[in-house]
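These are the structures, in structure tokens.
Okay, so chain A shows up in both of these, paired with chain B first and chain C after.
Right after this comes the complex of A and B.
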């Protein structure tokens, strides 16, 4: 029976991811990264606090929450959610600390060896929760589920490539040396494989839900899947070859320079179709800002071509737009809506029919949300430009804008959880904790027969 | 293949604290493995539960223990026949009376359908049936229905574009 659809630790995943976002941006602001300057230990630390701590934990938390919604099947072993989160956070911190060895902090080197183990445990526990419902016979045929499964294959490859590099840096001679050739592949598998494909899969469902559009699959979705599958095969093939000691041929990057934009293009066409079929005349802020994120996806796909051919500033800009523009803006726009929705369900669903309940929209402040997301988008645009033109001071200023925007979103999320925007007359006397959503005591029903 | 050992749930402490045991029982039922029975220990004979569990495809056997507590074993009656209903649907729904209320909730943004359904149910007489037509499977409604002790049965229309839901008040 699809019973407990609210995973009790969802907000802890979201909260941890937000903290990692702030931490990574603070590290970047302190000068750890800049145009043409991504290879110092502190830079790798900042990038991984962002990709692994912010985006990866957020995607995993979102999957733990939404796989039951995607598949209409309960999670397997939901109790693993908290250990998976703690191990993921510990693994991220260990990896970031380990990278500082590159800057001469000798004592940090063992962390490079510990991080892959912690992350493997975190990914494994998460897979143990979400793989059974995803692989159930009834769910495997769903387009959103197939996309998430493809993303999980990419996550495994991401871990293998990352582990090979971390162990090489950590001084363990167990896996083949794949540095530095493995790095571009690792980036591509992470962004074009794991994070983007998971976002594609979940967004099929959530976009249709928020826009009140029919949930239909069609030829375009199959084309997205086909292109993504081919791109992933190219990445995994090149990765396997590299591990076996063969160099990555230039044809791999040429193929990806074609396949990744094609997959993104089909996906954008599919979202445009959902948008056209919507029954909600005026989409809410989360969808309007998701549309801005989709524009960043288009921009990243355009930049990916020269980025894959020439590298340099084009690659920097493409990666930055994909991570901060497409994936982060999408997440930030949806997280506000999702947090208010889950908070509403948690607090007010038990009260429906027993006392007046507010609307979900009353839990948020659309003006603040718009300002935060506008600041974020402006920061991404300015930072991208500063990367293309190699302007370090503008880049740093832009990252400061991103930090402010992220901080404002974090404050807004806490205010949503505390029902701060809601008229006091509609606010219950006791609220659940900000992070752990234990059920609120409500008038109990009698046993019905 | 032997059936797994019964899952035991003692609701005496819960009742002593004045708490409502229904949600705990339904949660235990949800945790059962295939073929696993539920052994319930209660301070009284929980007769109202027998009908609910029969509807969910469980046979029951009860006995009073020497210490005055009642021990009821709910044994699954084997796989339910494929009724074309979504998992979690009440197997006995085919025998429910005709709907007393019909709601067309297509085109409403979530969670509005859930609000309308629960508000309507609250005003209905126990035993009456509500029929609702929705755009999608109301995943967040099901736990609330279970918590309030309502049985439901639902499935997608053959074209996959609307979800049909019956709920017993």
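Right after this comes the complex of A and C.
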């Protein structure tokens, strides 16, 4: 059946994530966060609007869309996509509101107890959709699938650690006391576990597809998995010890300071191999800017060592580069491509073989995309420097640049959906809704009689 | 021009939207068999989970059925051997 590999709500996930990105950056611009200033309620709210609302929802939406591509099997229960998104968005808003209790807004405290429930339902529904195709016998052998499964284990650990802290802040007395020691572990599980490993897994497939490179597994890919697995075991072991009332030994962070950069290094070597073997002579903007995101991954890996050993500005810079440079730039670069691809499929796929159709890249404006992503990258670089040098005013200006870049990408996505960059002669008379795609029409072959 | 030439010519008008190259240049057309006015085509896509695969198959079917003298077309997606970039004609 045409379109069976497409989730009709993917663009709704992307749209919601973009709104959370803009909201988080607007909150940050208002002064909620800054160098050495991350632990106020508004700061925690801004950070979670970014990590949970923007990155986590985006990764979940991407998995809902791409697990069928990775596994060549349909989602198990595709109708759960919309409720999973709505619950995830509600959980994010509840958590952000709940953190405002730390700033003296007493009425917000119950939201800290509601948020974990909403998020558990969202994560559970998403797992119900993607776990069956991922766990199928034929899928489990694939390196990209194994990496995504590892990421899902990290997501469960992320929820457990986050819930323990949220409920502790929310005044639930029976929760184990894991603050503040649990916080760095929670950050590591989120960035080095869930978000990065999911990005590793999906990118193995997408990079090979976009670059027309052979899909291969091999010792380097196994080394990425091995280092990531060991790092996750260390994180889970430390988390379990903390929940049981034992302190986290310094050896855990020492081990992670070695294992996480090793995993990232092998991953970068694997992507470099894909790049070398590509048959596409001129990679498009999404891949050129993904390459910039990979450079930010390398920088985050370098900063992770001093960040884990010394904390302070090094940890702030490492976390910021990982979230805004590596994960967000990768996502922004690919969301432009994926939105144009899904729009093309929706509008032009039924015309294949019947009439001339444009290429996918004709739906985008490469110059605008380059300017947006260049502004984002410059903002990340400046913000990172301002964190290392503790310059609050430069940090705020840098975040303003990030906001402008994100806004420009959001406008560009709407223009792609409206086919604004396409020659008018190639545009259909009517266009599908910007957010909710209509089902892909089934072309009926003309039978000659 | 033989019927096979006409079919290949028509399939050169069916483009992969990502690269802008036709499916023959992409190496996605594995086999074309002609039996009177009936045509069978074996084709593939870049990956088994490709969301475009079935739509490309229908596009090929439509293109083949548009040729004078073809009354039936059976276009099948095959995954063995899997498509690899090595099947592509040089850029």
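One rule holds for everything that comes next: the second predicted complex is superposed on the first by the 436 of 449 C-alpha atoms of A that agree within 3 Å, B and C clash if a C-alpha of one lies under 4 Å from a C-alpha of the other, contacts with A are read in each partner's own complex, and residues count from 1 in each chain.
In this text, contacts are C-beta pairs under 8 Å (C-beta built on N, C-alpha and C of every residue); 3 or more make two chains touch, one makes a residue touch a chain.
Note that the structure is predicted; figures quoted are calculated from it, not measured.
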| item | value |
| --- | --- |
| Touched partner set for A:350, first chain B, second chain C, both or neither | both |
| Larger contact residue set on chain A - chain B or chain C | C |
| Partner chain(s) touched by A:269 [first = chain B, second = chain C, both, neither] | neither |
| First (chain B), second (chain C), both or neither touched by A:212 | both |
| Which superposed partner A:281 touches (first chain B, second chain C, both, neither) | second |
| Partner chain(s) touched by A:374 [first = chain B, second = chain C, both, neither] | neither |
| Common interface positions of chain A, toward chain B and toward chain C | 1-6, 68-69, 72-73, 209-210, 212, 214-215, 279-280, 341, 344-345, 349-350, 352-354, 357, 360, 445-449 |
| Chain A-facing residues of chain C, complex | 13-15, 17-20, 46-56, 58-63, 65-66, 68, 70-73, 84-86, 88, 91 |
| Contact set on chain A toward chain B in their complex | 1-6, 68-69, 72-74, 208-210, 212, 214-216, 279-280, 341, 344-345, 349-350, 352-354, 357, 360, 444-449 |
| Complex contact set, residues of chain A against chain C | 1-6, 68-73, 205, 209-210, 212-215, 278-281, 341, 344-345, 348-350, 352-354, 356-360, 440, 442-443, 445-449 |
| List of chain B residues in touch with chain A within their complex | 19-20, 22, 26-27, 29-30, 48-49, 51-52, 86-88, 107-111, 114-115, 118-123, 126, 135-137, 139-140, 142-144, 146-150, 160-161 |
